[in-house]
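You will see two complexes here that share subunit A, one where it goes with subunit B and one where it goes with subunit C.
After this line comes the complex of A and B, so read on.
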């Protein structure tokens, strides 16, 4: 029986590769994305993780744009308003599309879309607006179609955006978190992360205090200094973890936040090299 | 010039944070804090002087504002060519398309032109012209062309451009030259006496002493690349004051730049340490700012510029030491 060159590549272990490295023979395996054939050998063309499905060998690049899948939660920014649709930048290779028919309009979920809605699309989303949405489907050219047909989705306010490489955001049970310091987090799978002021339980969607009229509001609530500090601290922690290529999960973020509070580090000092190294060391040691 | 579009709520968030009673910036800095600045000189081997600068690496998405500057000396003919008596300085700025992925080529050209005109008008001013750019009076002079490339933009490009330009000029070495004159040998005209004159002093027709009637020059062969540009202390530093009503702040990130209405650029030159001169000034943004307000800002700006000047000089001297003394030690250690 011949020896499988991928024997050391069990389903559990990761193997990293870099461009130019010979992976296997092209006789026995098929080349997939991130590889090419040279001299009857499959050679990696990007730096990343080797993956194999049966006889197909692919390399998933570490630094890449976001590869959408149906059902993913993403954060996007409107780039263009077109007839009955918005173009959305979602860190993917092409701009995503948000159809007017796949958003919730104010005044009830079941409301019909009227011609007047088409004429006032900028009242819902205009250029530059940030929104959280779900990937609904793909068009034939590979562009993704988004939808915001849930009260959890929609326009974002009361906070700031931070960008990380998409590979660092894992698929999780929920991408909405609230940290104990009054900060809400939305981890978009496309590497856009929204850090904002916590929404009280009584005002969450579906509860009594939920303000349906505020869904498309551009007005921020009053945010006190403590919350602003907490938001900035979380943002800086995310930046540090991203520069050190630490995958982001709720546990990691919570631990990093607690570490920063314990050590009484000032928000701006977090970005200093020695402090950030210590933070990453502390977080990776614990988990 | 903001290519980054922000939503209204993001803008409002940034503005209200800044205008809160205890002003607060998105990354926790105080209003007058700079991000970390990394600077290295001598990065381009073929240039006469070069520098690379990065503001805020690792703290912002995209790895900070990065600029590469390189100065190259060319010989120009003053009589027949474009040369100017005493030499001249010419600057150009180009932007890498990857620095502005959303900009069309047209807007990129406009932006490059804006940067170029600002940097060129400030640095090529006759009051700043180095004294040793002349080679032969009335005949040959050096043209110093300074090229800057914006590799990535995460805010505060103007300050970074001037810092990079200053570092590259600081690093520039002007090759030593010697004038050359052709003089025909006089002994030859005397006519023969019949005897062999063997001991005639063999003199070269080319005299390399400093002479007024010099026609050309040659480069001295010496172990270093030449002498530093004269007056390298005087190259200006630029400080950008980002203005919101009742307050101003320094070193804005690109999102902060998108959220503010005005920016005031001030370029200061420190010929002597105590009396800085304002070499350039520009107000960016729509609308107008009160003149009284501007006067106060200029005074503040002078203070910041002086701090920036001091720290930049310290860093540049460190770089000089790194590249001469330490390199020599390392070389000795290897041997």
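After this line comes the complex of A and C, so read on.
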């Protein structure tokens, strides 16, 4: 091949493509995700950005379901209780699996699993419960297996769930984040975001005030009105940023929150179009 | 067959002022519908169709789950207010079921189902207004919705209806014309020129078929250009929005590093 078709990749603009568009010859390049080979040509199968690593050509779709990778932090909802396992909806192409052997049971990390545990699995997680977990491995058919073998993971309470397109959540150093107004955020890489009441430092896992019995509790703590407002404000901000396709990072979220406080906008008024446009403009223009 | 209105007048114009091979005005709206993975509203003249795509997601019907590929589930609903004479069709209406299975059969060879074993792709089609060419609108809208949802497709599927008046072939028929003329809907994959659907519910003379079939195929590639432009514009819009956000945070991180 005389001319490298990807010469212009170095420039600022992204190269976009659509399903059925020929990208390059399959003799010179390898096909990656989002492409297929037909008649010795590599052809795109999704609409999105063309990416190339050496000889590998892939197309990344913009709006798609979550593509899990081992080690990702995800938030999910229990859909089914099966023998020795839970099925978890994690915004992926198939429901994830949470094995009874990969959760921490109350009464110490080292506790052995008993037969009675299998019989009372609904005491730990029930259908509809939300949890935060890590992707542990994959099954042969591509379904993911989760684990909650850390005190940071487990059942979620005291908060609210927001769903955004997974591409907007990028891998960060930490996906647990506290805003100064008494709100904790968990940014799941699958696009599920948990906004909840702040857990005091003294009550954090491993500290003295940590209540191990409350790990599987279904009862919310008392949440005062100010915290409730703050939680709703953060959820509305996330919704706005998501509809405007602004990638969510801790910096952006903090800026948006400060803007909302500065402008003294009522929580429900945030969702109005002119206010949300102003917010997005302020966040993307700042710094 | 004599009709009260003139299908094609002596000047070569049709009842709505179009030429023989002229397509109606098309609009594509690919903005997000709440909750759906991908959606599209498409209008061919007065015919308007909304399609929402969910998935690939965990198959809810265990018995139908396939271990080597995804299943496609199409549900069609026709709004009672979509036609001139208002009437409600039951969900189990045979005609609607057949319509749904036609759409399903059109997309089964196009969607790369083998990439998503044990899952299910739900396609919900809502016909909002009908003025001829409902099937073509449904197929075109489904293509856009699937592309919007990031479902891997071999190619676009572009469908156009063709009919024949006396010996004059026509494209993109309205209800008025559909009632009077023999017509055929053809869905093509423009890259390879493969045909994934030919649907004919009226009797058409064998000698006329080839010409209409060829014409509808050509019109499909014209449609393809428009649809591709719509998808590109949508993709570009999202990329630009994301890009502006990305740059901000990168700058912010740099600034923070300078401070320390």
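Following the convention adopted for this analysis, the second predicted complex is superposed on the first by the 258 of 287 C-alpha atoms of A that agree within 3 Å, B and C clash if a C-alpha of one lies under 4 Å from a C-alpha of the other, contacts with A are read in each partner's own complex, and residues count from 1 in each chain.
Rule of thumb we're sticking to: contacts are C-beta pairs under 8 Å (C-beta built on N, C-alpha and C of every residue); 3 or more make two chains touch, one makes a residue touch a chain.
Keep in mind it's a predicted model, so treat the numbers as computed, not measured.
Visitor: Taking the superposition on A as described, I'd like to know which of subunit B and subunit C A:181 touches: first, second, both or neither.
Guide: neither
Visitor: Would you check which partner chain A:243 touches, where first means subunit B only, second means subunit C only, and both and neither mean what they say?
Guide: both
Visitor: Scan A:49 for contacts with subunit B and subunit C and give back first, second, both or neither.
Guide: second
Visitor: Quick one: name whichever of subunit B and subunit C touches more residues of subunit A.
Guide: After superposing on chain A, more of subunit A is contacted by C.
Visitor: Give one of first, second, both or neither to describe whether A:225 is in contact with subunit B, with subunit C, with both, or with none.
Guide: A:225: touches subunit B, not subunit C.
Visitor: For A:67, using the defined touch cut-off, is the partner it touches subunit B, subunit C, both, or neither? Pick first, second, both or neither.
Guide: In the superposition, A:67 contacts neither subunit B nor subunit C.
Visitor: Who does A:102 touch here: subunit B (first), subunit C (second), both, or neither?
Guide: Neither partner.
Visitor: Check the residue A:141 against both partner chains and state whether it touches subunit B (first), subunit C (second), both, or neither.
Guide: Only subunit C; A:141 stays clear of subunit B.
Visitor: Can you list the residues of subunit A that meet both subunit B and subunit C?
Guide: 79, 243.
Visitor: Which subunit B residues qualify as touching subunit A in the complex?
Guide: So the residues of subunit B in touch with subunit A come to 5-10, 12-14, 16-17, 20-22, 24-30, 33, 35-36, 58-62, 255.
Visitor: Inside the complex, what are the residues of subunit A that reach subunit B?
Guide: Touching subunit B: residues 77, 79, 127-130, 155-164, 218-220, 223, 225, 228-229, 232-233, 235-236, 239, 243, 266-268, 270-272, 276 of subunit A.
Visitor: Quick check on the complex: what are the subunit A residues that touch subunit C?
Guide: Against subunit C, the touching part of subunit A is residues 14, 16, 18-22, 34, 36, 38, 43, 45-49, 61-65, 79, 87, 89, 93-95, 141-143, 167-168, 241, 243-247, 249, 251-252, 255, 283-287.
Visitor: Quick check: in the complex, which residue numbers of subunit C touch subunit A?
Guide: For subunit C paired with subunit A, touching residues are 32, 37-38, 55-58, 67, 112, 116-119, 147-156, 189-192, 228, 231-232, 234-236, 238-239, 241-246, 248-249, 251-253, 255.
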